[in-house]
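These are the structures in question, set out in turn.
Two complexes follow with chain A in common, the first pairing it with chain B and the second with chain C.
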Partner chain A sequence: MALPPNVSEAEFANALSEFTSAVGSDWVFSSDEDIALYRDSYSVYWGEEEERIASAAVAPANVEQVQQVVRIANRYRIPVYPISTGRNLTYGGAAPTLSGSVVIDLKRMNRVLEVDDKRHFALVEPGVSYFDLYDYIHERGLKVMLDIPDPGWGSPMGNSLDHGVGYTFGPYRDHFGSHIGLEIVTAEGEIIRTGMGAVPGSDSWQDYHYGAGPSIEGLFAQSNFGIVTKMGVKLMPMPEAYLSGYVFVPRYQDLQGLIEEVSYLEDSYLVGMPMYGSPVGGPFMNAPANVRALMENGWPSMSQLESFVSSQGLPAWSVKLQFYGPEETVRANWTAAQRRFAAAIPGATFEAGEFLTLPIPDEAIPSLPDKVRFGIPNLEIFHLVARNPMTDADPPDGHADLFTMIPRKAEAVWDSARMMVEAYRDLGVPPVHSPFATPLTYYSRALVMPTLLPSWRNAAKNERSRNLYMHILDKAAENGWATYRTAPAFQDHAISKYSFNDSALLRFQEKLKDSIDPNGIISPGRYGIWPANMRNNRG
Partner chain B sequence: MKTSICLSLVLAGLSSLALAQDLNPEQQHGKQVFDKWCAPCHGTEVVASELLGMGALPLPGTAALGVKYKGDLPAVLEERTDLQAIYIRTVVRNGLFGMPISRKTEVSDSDLDAIIAYLTRPR
Partner chain C sequence: MQRRTTLKLGLGASLLSSLPLSGLAGQKTSGAEQLQVLVNRQYTEAGHLADAMLSRNIAVQDISGDLGSLWYRSIKPQMESKPAVLFGMTDTIDLFCLEELARDFGMQTRFRLDHIIHSNGRVEHVPADGLNLADIRQLLPASPGFGAKADELSALALQYHHQPVLHYKKSGPFQRPDNTTLVTWLIS
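Let's turn to the complex of A and B:
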């Protein structure tokens, strides 16, 4: 049996007995077979000593049981690790940051407490999935649209608290940014409600974010200061219509003008998620041979790139624009967008996309491409890891995402793509990026240069992926870039890049940790925050 | 190729419609759990994705099994008649390739028994 650190077998047995009294014997999992269900399926340390393994799991049914579990853990100094749906794959799944932790599995707390389609919010518990929330809204015909991440079995709360992202309109794509009101159980078992929720009898918890005085909500995202048990979610009113259109620009250097105009539209709240592409560069991470050949003798010069583009007879870059709203306004916004691009970028051309009225009729949903555009949960993203003709001989067991945040500038796009190519080559891995790599736009005010590294249930292969992941983190930091989110295996290393003024930010967070959670029981080490009694665990 | 995929999907849809009336209560529960937890990857839909730069393909689990079995076995799990209880239990609880582990707070042991009863029912 795995034990929590510095806890004897007898003490742990007593704690498990008390957990059982709190939640019932069906909901304490301590056999090896049951604990194995809390392994991270996509772990980059699968089967190795460093793989994060729980000592037990406890599944409370309500907030009172969460309080009891936390108080027991505090008494025995047992680290606990709350999960919501446990489906945060590529970012740790259901496994704790510190081996030996007891996972608090909140999946049973799965009530949609309220959805208001006049004030446009939901109030949910941790175990509610995007599928669940969508079904609740859909079955009742409520006129709101979700913004969802790729896999629909994730938790709106859990995703928000890990700074997860979506696909529709800017403010809603930032899931933590669109939360409104938290209920938190502290390490000592006390319940806090934030914002207007702190006012007894308040009926505006999901209407006004701040209340009065300092906001503390950010402390509970990507962290370990408490266990969130309820969260408000701002919802978008169901738009009347959706319209898409494509903008193409002819020259390599037109990327800067393209980004500037898209940023104007995004920051003016005129468009939903923009999707950059490169007709001449081919599919992202699968560039054609002629594009790869451009990099054979080092990074090509700007004139070489411009010559290549003009020789191919294809536009250098494209962006798909997506508009949500009444038909009159989406059509007018697309017209205005075309006028602005045409004025800013000589030779810009345009192509109409789709026009759809919303909500999407039920019969059209199953075959609807990219359902995430309309907040319809699905699991189609698993094509990224599913066996396909190219991976048939050796399919991966998962992947580790590494998303590097960069500013909205063409120079940063090009430099980060080059950094990726060089990082892969440094370690003898064929690069997947090219001079035509295009950024993702999950956050409306930053770009992301992504990469996905395969994970395996094979130590030697995982070591290669881990080494490359760490190397990219290092090379990115040399350019002043860092990632926004990562799995426990990489959290200490990723956070070490946020080192301004001798890591003053992390030192401040750890001072708070020591005060708020003096026994350091909640998720020790999550996003680099170690309690005083475990700081030497920092990797 | 496309025609044969479409035809097999239509036949699969017809056969599952016909069978729904013949299921015992445990198998019916199994079908419900399957639809919630398995069908989003192992269902019969065919979908394209501009985001993934992908033309029309079956859902990920179905597509993966199509590549794996190359027609020797049906890619759609609900069409399989060779599945064994131990295999289903092992895959659900251990995961397999990109398919992750399912915990008991998600798919309980009795839910899993019901899925097995549904997928291994005599046909």
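Let's turn to the complex of A and C:
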């Protein structure tokens, strides 16, 4: 059995006994077989000494039990690591940041406390999955639509608190940004409610976000300042209709105009998630041979790229626009979008997509592609990507996502793609990006240049993946870019890039940590925030 | 679902390992653990297994649609009301997902036998660590049709119901394009 750091066997046995008194013997897990359940399936350290392994797990049933568990952990100075469904696979899953931590598995706290389809919110506990919330809404015929990640087996709370993202309308794709109201158990076992929840008897906790005075919610996302036990979630009113349309632009340099117009539509709340593509460049991360050939003698010049595009007879770029709302408005917004693109980009062409009335009828759901567009949780993505050109030659056992945040400018798209190619080549890995790499748009006011590094049940291969991951972080930082989310294996390195003014941000967070959690028991090291007694663990 | 309650009910479940498949039908209502059989009928061999099970009045659930939908709306509620042992033949992606989902009940993969179906029809049966390959070669043909050997496969798998976990999270959700890998497994 692994022990928490600096805790003797006898002390740990006593702590387990106290945990048992708090939650019941059926809900304390300490055998090797039990602990294996909390391994990270996608770990980049699988089977190695550095793999993050829990010492035990405890599953409380309610907030009162969470308080008891935290107080016990404090007495024994045992680090704890709360999880909701623990399925954030590419970002650490159910495994703790610090080996030896006791996982607080919040799966038993799985109540949907309220859904209001007139004020458009839900209030949920940590163990509620997207499937659970969807079914709750569906069974009651409530007229609201979820925004979900893909796959949908995670929890609204867990996903939001790791800054997870979705696929529909801008304000809802940012899952933490669309939360409203938190209840938190602090490291000392107190309960805090944020915003209007701090007013006893308030019935506007999920209506007004801020309350009065400084709002502290951000402290509980991607952090270790407390354990969230309730969360309000803003929900989109069920739209009456959905319409999609495609815009194609002819020239390589038209990307800037394309991004500007898309940004206008997003920032005016006229479109849902835009999806960029490149007809001439081929599928992202699987560029055809003629595109790869462009890079054989270094990065091609703009004139070379324009010559290539005009020789292929295909548009350089495309964007899929998605509209939600009454039929009159989605059709009008698509018409207006076409007018704007035509005026801004000579030669722009258009293609109608789908028109669907919402909600999708039950009988149509099984065969519906891209269910995430309509907030319908599913696990289909696993089969969709099981075989793909990136992994066919040597299928991995998982992956670590690296999403580099860049501004909404064509120059940033091109430069970040070039940075990726150089980073891969620096380490002798065939690059997966090209001059036609297209960004993702999870956050409505930023772009993402993504890559996925494979993870394995093989230490040597994992070492290569880890080295490339960290090299990309380094090169990104040279350009003023950084990632927005990462697995525990990379969190110290990723956070080190947020180094403005001698890492003043991290030093401020550490001061808060030392004050709020003086024994440093909650998720030590999460996103680089180590308590004072463990700061030598960094890296 | 209380994991330790599941183990206490193992007294009933241990009977399963000594019964031929045809005897399992009577266990469904005995109060002991249920055997839930899951197959992905998208695959011919899994279809053979399903048909063999059905011919013995063993209920089979087809997971060839969205596994998430089936799990959360059918399998999980059933398991919350009555403990179950999961047995099936699927692809490795399905197994990967089921391992993650079954974690909510403290369940892990205790038996795993991969069947690599090459493009020329040859079948390789690759046992996870701890399984005797010689036994498997005697039991299963290295050719199409092995899925129909439901008796042999289930008997093999159920022997491991109470064995230490060796095969949990053995592989991830990606596959080679040049063959089809199915897997017979038991999760308990």
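Keep in mind that, in the parts below, the second predicted complex is superposed on the first by the 528 of 539 C-alpha atoms of A that agree within 3 Å, B and C clash if a C-alpha of one lies under 4 Å from a C-alpha of the other, contacts with A are read in each partner's own complex, and residues count from 1 in each chain.
Simple rule for what comes next: a residue touches a chain if its C-beta (ideal position, glycine included) is under 8 Å from a C-beta of that chain, and two chains touch if they have at least 3 such contacts.
These numbers were taken from a predicted model, which means no experiment stands behind them.
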| item | value |
| --- | --- |
| Fit or clash - chain C, chain B, common chain A | clash |
| Touched partner set for A:Trp481, first chain B, second chain C, both or neither | neither |
| Which superposed partner A:Trp334 touches (first chain B, second chain C, both, neither) | neither |
| Which of chain B and chain C A:Pro369 touches, first, second, both or neither | first |
| Contacts of A:Phe403 with chain B and chain C, given as first, second, both or neither | neither |
| Partner chain(s) touched by A:Ser25 [first = chain B, second = chain C, both, neither] | second |
| Touched chain A residues, chain B compared with chain C | B |
| First (chain B), second (chain C), both or neither touched by A:Phe284 | first |
| Touched partner set for A:Tyr81, first chain B, second chain C, both or neither | neither |
| Overlap of chain C and chain B interfaces on chain A (superposed complexes) | 27, 29, 34, 36-37, 39, 41-42, 86-87, 89, 94, 107, 131, 152-153, 366, 378-380, 382-383, 385-387, 392, 395-398 |
| Residues on chain B engaged by chain A in the complex (per definition of touch) | 36, 40-41, 45-54, 57, 59-61, 63-65, 67-68, 93-95, 97-106 |
| Touching residues on chain C, where the partner in the complex is chain A | 2-5, 65-69, 72-73, 91, 93, 96-97, 99-101, 103-104, 106, 108, 164-165, 168-177 |
| List of chain A residues in touch with chain C within their complex | 25-27, 29, 33-34, 36-37, 39, 41-42, 86-87, 89, 94, 107, 129, 131-132, 135, 151-153, 366, 377-380, 382-383, 385-387, 391-392, 395-398, 455, 457 |
| Residues of chain A that touch chain B when the two form their complex | 27, 29, 34, 36-39, 41-42, 57, 59, 85-87, 89, 93-94, 105, 107-108, 127, 131, 152-153, 275, 283-284, 286, 320, 366-370, 372, 378-389, 392, 395-398 |
